[in-house]
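In what follows, structures are represented as structure tokens.
One chain, subunit A, appears in both complexes that follow, with subunit B as partner in the first and subunit C in the second.
Presenting the complex of A and B:
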């Protein structure tokens, strides 16, 4: 097999066109930025016949030009992505084949966006997201990786080779290299080349997404449970409780994150069992949260409360015990048939929750301090509602706006933290395809072979960027109410 | 004001004690000490040998006593070892046990002995700190003015195209952690892959002789990540000030737009970013660790990684004392600075 080039035969005449369009777009953008500082902003002018005309002058012209240039660039990129579906294998090179591999993701994205945009008026805050361009781009990037993780892990699509298989002769080979006969996976090329152990970089990159997509949101949810359960009473009651909790939170925050990771995430610490104890402590908070949440709502109707509380706490308790109970660690008391799963990277999970929880605590505490002086809280107090009812059913729903925005940002930050752990080779096996570890593998030979480290770096960047843009869009739309 | 500073100081010292104790506890856990004994002594030591190696060097004493000795409030150990050698905590290499002082802890200015660098911690750290100081100085020089300019330009006309472009750009930089931008920079500008080999991929030569060629990439890598955040804060603050009544008055008076921005808005808009910049310094600390590892620049962060991966207890403690001090000092300065800069708080 011939090695693939980046854009193949189609690229030969499409590349110059795209190059010109992009150059013009960049020039227009810079011109606009510079002119924007001097020229008067675009204003609307009302004509006598009742119509409006934009009198933007040169700035308005550049804006129009930019719009068309942008559309042209998008259209050209779409050609690169769609052409490989109809052309034979390899005609659009590496880019085309990658697009082909991501076909299920494209379909899922188009379906999601179409349905969401059609019903956006009925979908609350989620629907409003589709009014903001930034929010839509962010949501698209995030969902791209969510679908990729889903299709790779559940349906075994997208990845072209096994992410652990080494093929001799492909060590550090450049993108598009052909694999020797008899070793081909789904396609006869390594799309993004081979890493320093001759494994397929493209497959490792898409497999790495499952790790982040599975761990980051879950760890953030746990951090939020801890932060909310402790932050609400600290802000609501104040006093000694607040002083102590705030001191502890500030104590953890004063630790440089990397020092904490280096101290906590080592095989020696795992031996002592500290991560297991921390897990036992941190993961009990969801139980407390849901227990108190439901109890404070239904305690006047004991029968209904018991009917709801028993199954909820039963399931959560079982999950809790399964998570903290690990074979071969200090907490290992459950019979094997009762233990649902073992998490091999418990220490990574725990330390990420531990680092994030104090910040969430501070945010929730600050919001509670502000909201507890509101009239509806006074009304609830006059009605004789319990303190926990007020905190969880009056204050918390009203603090949801900033919390949802922070949730998105925090998933991004957790992704960065997981990458940091991988980058320093802490807690994860070196074979793990997660992005941090792959960057760490790649950086050792970075000055000689740059290509192994770039795909995971770009992937991580795009996911975090997506989350940040999503948070920005959500903030903008939630402020509009 | 005096009482406020005093109280903050008290909390600071309490925090410092708690943090160093936690680090001390974590580094002195059984498996960590065993690893230390095996790396320092002999990798194939038997369990008994490990126990006596640790006992001879004072590691088997109870934790509070060890911590007291490290602090300098308890007399340092003098142990008549099972191998016949007498060792004292306060006796440096080559010093006789009888001549050693009784107390030697951080309070006496003795930071201990680094088992990896084979030198006193107080001899190693200042050099590393100076290197990091050089890096941070350049980062601040690039980051702060850059972020303020971007933030002010974006915030002075909220919602304009300039604002949207610059805001998106700052989101992109905050979404790029150092290990991603560092890797991108190195492969773009320090290798021949893209035909732009303009800079050096390592900064190890920058310790002696920092040039544009070997220092630009590490500085930019740290500066970019912090820049977006400060720029966004400045933008928010500037946008808020621009809607204030006195700005409208100035406009109605006919003051030109540049003058409004520079003379009326800027001073008030820069109060909030000051706090953010100060609080950003501890964040830069983790960036420094990543960048110094990536570019093999022998500074404070590089030393942290080396000490932590070898369980070099006293060096790690020294590193954490310094980083905790930096974190708490910046918090204090930002609190005081905020009060001082804001006339509304200062005068009332």
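Presenting the complex of A and C:
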């Protein structure tokens, strides 16, 4: 088998065209920036029907030109992505084949966007996201990785080889290298080359997404539960409670994060059981949160409350016990048949929750301080509602805007944090395909072979960028109307 | 009138452009302001008053544009001016004063410096001269101790003082046109009266022309020479104050006047008539006359046929109306009194306050809790009784302790001393958590701000049903839902509103939901904290009527907190006037509204702007601001501003808190004035003989 080139046979024709289009776009962009400094701002022009028209003048012309150039570049890129579907294997090179592998993701994205845009007026804040270009790009990037993780882990699609299999002779080989005949795998090439243990980088990268997509939001949700459960009363009651909690939050925030992680994974510390006890403490908050949430809502109708509360708390309690109960640690009292699962990366969870919760706490506390002066809160008080009902049902829902935005940003931080943990090899097995560990592996030979470290780095970057853009879009749109 | 007009607006149309559509905010608006003349611009919120002002300032933001007509300032067209010339004119010849004083002040700069900047930048005068001028204007706006004022930062001043500084700043450049956009809405009535007085005097002194924007007809009557009434983007009537107030020629103006209570008029002969329907949104305006859907005189096929121009009213000077039928309508026809409902006689006493006191302890040093503790006396020996189906109005300015009183009554705070008796059961020291459901459901509250009173993330129906759940009404959700729909009927809202979110409702509709929620547990005592003050005048009457109607049916005791004496007189049986935590006067409505008055009541009455040209008011302008409750004056709480103090011998007012005196059956005041002096008092409001 011949190795694959980046763009294959089609590239010979498409590459120059794309090059010209991109150059023109850059020129137009510079011209616009330069002219924008001198030209006086044009006033708004209205069409006869009252809608806004494009602005006139030379700036307007450049703007129009840029629009078409941009569309042309997009169209060309689309050709690279779509051509492999109709052309035979290898014609569009590595790029084409990768696009081909991601086909399920493309379909899922197109379906999601089409449905969302059609019904966007009925979908509340989520629908409004599709009014903002930035938000749509962010959402697209995030959903790209979400779907990738889903298809890799559940349907075993996308990845071309097993991410742990080593194939002799492919150590540190460049992208597009052909695998020896008889190697198990969907295609006869390592699309992004082999790493220094001769494993397929492409497959490791897409498999790594599963780890990030599963852990980051979950850990962030836990951090939010802890932050909300403590931030609401601190802001609502104020006084001594607030002073103490805020002080503790500041204390944790002042503690160097990396040092904390090292401490948590040090075998001596693990022996003492501190991480397990911390897990037992931190993971009880979701239980408290849902218990109080439902009780305050339904306590006036005891039957209904019991009917709802018992199953919810039962299931959550079971999950909780399974999570904290680990073989071979200090908390190991459940019979094996009752313990649903062992989380090997418990310490990662604990660390993430531990460092994120204080910041969430401060945000929630601030929002509560503001919202508790509203008349609807006073109205709830005057009809004798309990404090937790007011906090969870009157205040929290109205703080959701900033919290959702922060949630997106925070998943981004958590992703980076997970990368950092992986990079330092903390709490994860060295085989793990997660992006942080992979970057660390690649780092060692970075000056000689750059290609093993780059794909996971780009993946991490695009996901975090997507999350930030998504947060920006949400913030922008939630401020409108 | 041979001079050139200062401002001449001709057929001005202003639109805002959005992604979806053009929003015509002002259409075909014309107005002229002559030198030294004050033009009042009135209308409900959203009708385009402020847009006109911003149009004159050529400050419409990125998406606003003048789409037709012209604005001439001293003969020069503002729309065709170069940006430099515009900036120059805006700084030195046209000045604008906004509603919120802090919006025009830089919080990080001393007042003197901010004032001096104006002439230094625009006229390039020396620092010394600028300082001299700053001192002069600050003295002119009647601020005490001008030199100290110049050295302070904006946040060190009270709202009234800040607004005076803003006015001073506007006057620094000696403008020939002053635009005031609701300059006193954020202020208290007595402070408002003083600021309005000041603006009027300064206008005379400097010969400044004014464009005075307000939603309050009474204020416009007091300050302006001419008036222009706006409705939904158009001027509907304009003319001199006397012409428009006494010979109105537009159905909207008439409806507006009929929906506000006038203290001079008899409340039975002149009931409030609410304007039906709602204000149309700019893009949902009907064809033809904008006021058509709400107009009593609407004639299909004629009023909705097409554009209606402003037509001069024959016989009057520059009086015009935008109505096709104004010459056919009989403007003197009496108001059709819908069947007057008899108010039930007050029943037995349900609520009794006895020497209620509420003190707050405020730590001087919040961080360590130590140091001196200061005591804020928010309520001082409050005693009164309220009967079944009676309306007791509680009147006073901000900080007088009205809200604290409401909080103690509701159980959100407990009383420091004294007792609250509900049906002879003491609840004054029972916090709300410890009250039984019945007591909680019995005493409910309607809040002031309609935009804040409903939880924005819950449907209207859910919120009412939650109240029902809490009060233990109904055995299951189906029953409660039925009851909730009944409550919506009670407040005259369509049942479909149950599934709406609060943001889909107008201010008046939200306030109705608030009322429905308060009556969810068949409340017997309802505290209404300024329930209509944040609503547009045309909706105020409807909400007020609704409250009174429910009260009649349910025999509710209504405690109506308000600073608006016109409305108080219209709906209450008894009035309690509060000042700095003290009840200074308490009596039946007639007793409080006629002499002898407590000096503070007298000042309050004279401060109420009345939109009635036939009323003669005594002018009492209170000096200074309301003292802080942290640091109340010695002796009589009102002594720092009282105009009668000199009549009491021996400086008694500064030494001793006056005792409560009974003047007549059920009429008590707290003042040292002798009976003879009280008897000499003249009525504040008099109807001029016609």
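FYI, the second predicted complex is superposed on the first by the 464 of 481 C-alpha atoms of A that agree within 3 Å, B and C clash if a C-alpha of one lies under 4 Å from a C-alpha of the other, contacts with A are read in each partner's own complex, and residues count from 1 in each chain.
Assume contacts are C-beta pairs under 8 Å (C-beta built on N, C-alpha and C of every residue); 3 or more make two chains touch, one makes a residue touch a chain.
Quick caveat: nothing in here was measured; it's all calculated off a predicted structure.
Student: Contacts for A:219 in the overlay, against subunit B (first) and subunit C (second): which applies, first, second, both or neither?
Tutor: In the superposition, A:219 touches no partner, neither subunit B nor subunit C.
Student: Output check: A:94 vs subunit B and subunit C. Expected answer is one of first, second, both, neither. What do you get?
Tutor: neither
Student: Does the superposition put A:408 against subunit B (first), subunit C (second), both, or neither?
Tutor: neither
Student: Check the residue A:357 against both partner chains and state whether it touches subunit B (first), subunit C (second), both, or neither.
Tutor: The answer is neither, since A:357 touches no partner chain.
Student: Does subunit A have more residues touched by subunit B or by subunit C?
Tutor: Touched residues of subunit A are more numerous for B.
Student: First (subunit B), second (subunit C), both or neither: which does A:10 touch?
Tutor: A:10 sits against neither subunit B nor subunit C.
Student: Touching A:468 in the superposition: subunit B (first), subunit C (second), both, neither?
Tutor: In the superposition, A:468 contacts subunit B only.
Student: In the overlay, answer first, second, both or neither for which of subunit B and subunit C A:149 touches.
Tutor: It touches nothing on subunit B or subunit C.
Student: Please indicate which partner A:391 is in contact with in the superposed arrangement: first for subunit B, second for subunit C, both, or neither.
Tutor: Neither subunit B nor subunit C is touched by A:391.
Student: Of the residues on subunit A, which ones does subunit B touch that subunit C also touches?
Tutor: None.
Student: What part of subunit A is in contact with subunit B in the complex they form?
Tutor: These residues of subunit A touch subunit B: 29, 32-33, 36-37, 41, 63, 134, 247, 250-251, 254-259, 262-264, 266-269, 271-272, 274, 412, 416, 419-420, 423-424, 436, 439, 442-443, 446-448, 450-451, 453-454, 457-458, 460-461, 464-465, 467-469, 472.
Student: Show me the residue ranges of subunit C that touch subunit A in the complex, using the header's touch definition.
Tutor: Residues of subunit C touching subunit A: 15, 17, 19, 21-22, 62-63, 65, 67, 410-412, 432-433, 435, 437, 440-441, 443-445, 447-449, 452-458, 467, 469-472, 514, 517, 521.
Student: Spell out the part of subunit B that touches subunit A in their complex, as residue ranges.
Tutor: Those in contact with subunit A are residues 11, 14-15, 18-19, 23, 26-27, 29-32, 34-35, 153, 157, 160-162, 165, 167-168, 171-172, 174-177, 179-180, 183-184, 186-187, 190-191, 193, 201-202, 282, 285-286, 289-290, 293-294, 301, 304-305, 308-309, 311, 316, 319-320, 323-324, 327-328.
Student: Show me the residue ranges of subunit A that touch subunit C in the complex, using the header's touch definition.
Tutor: 43-44, 46, 49-52, 300-301, 374-376, 378-379, 381-386, 393-394, 397-398, 400
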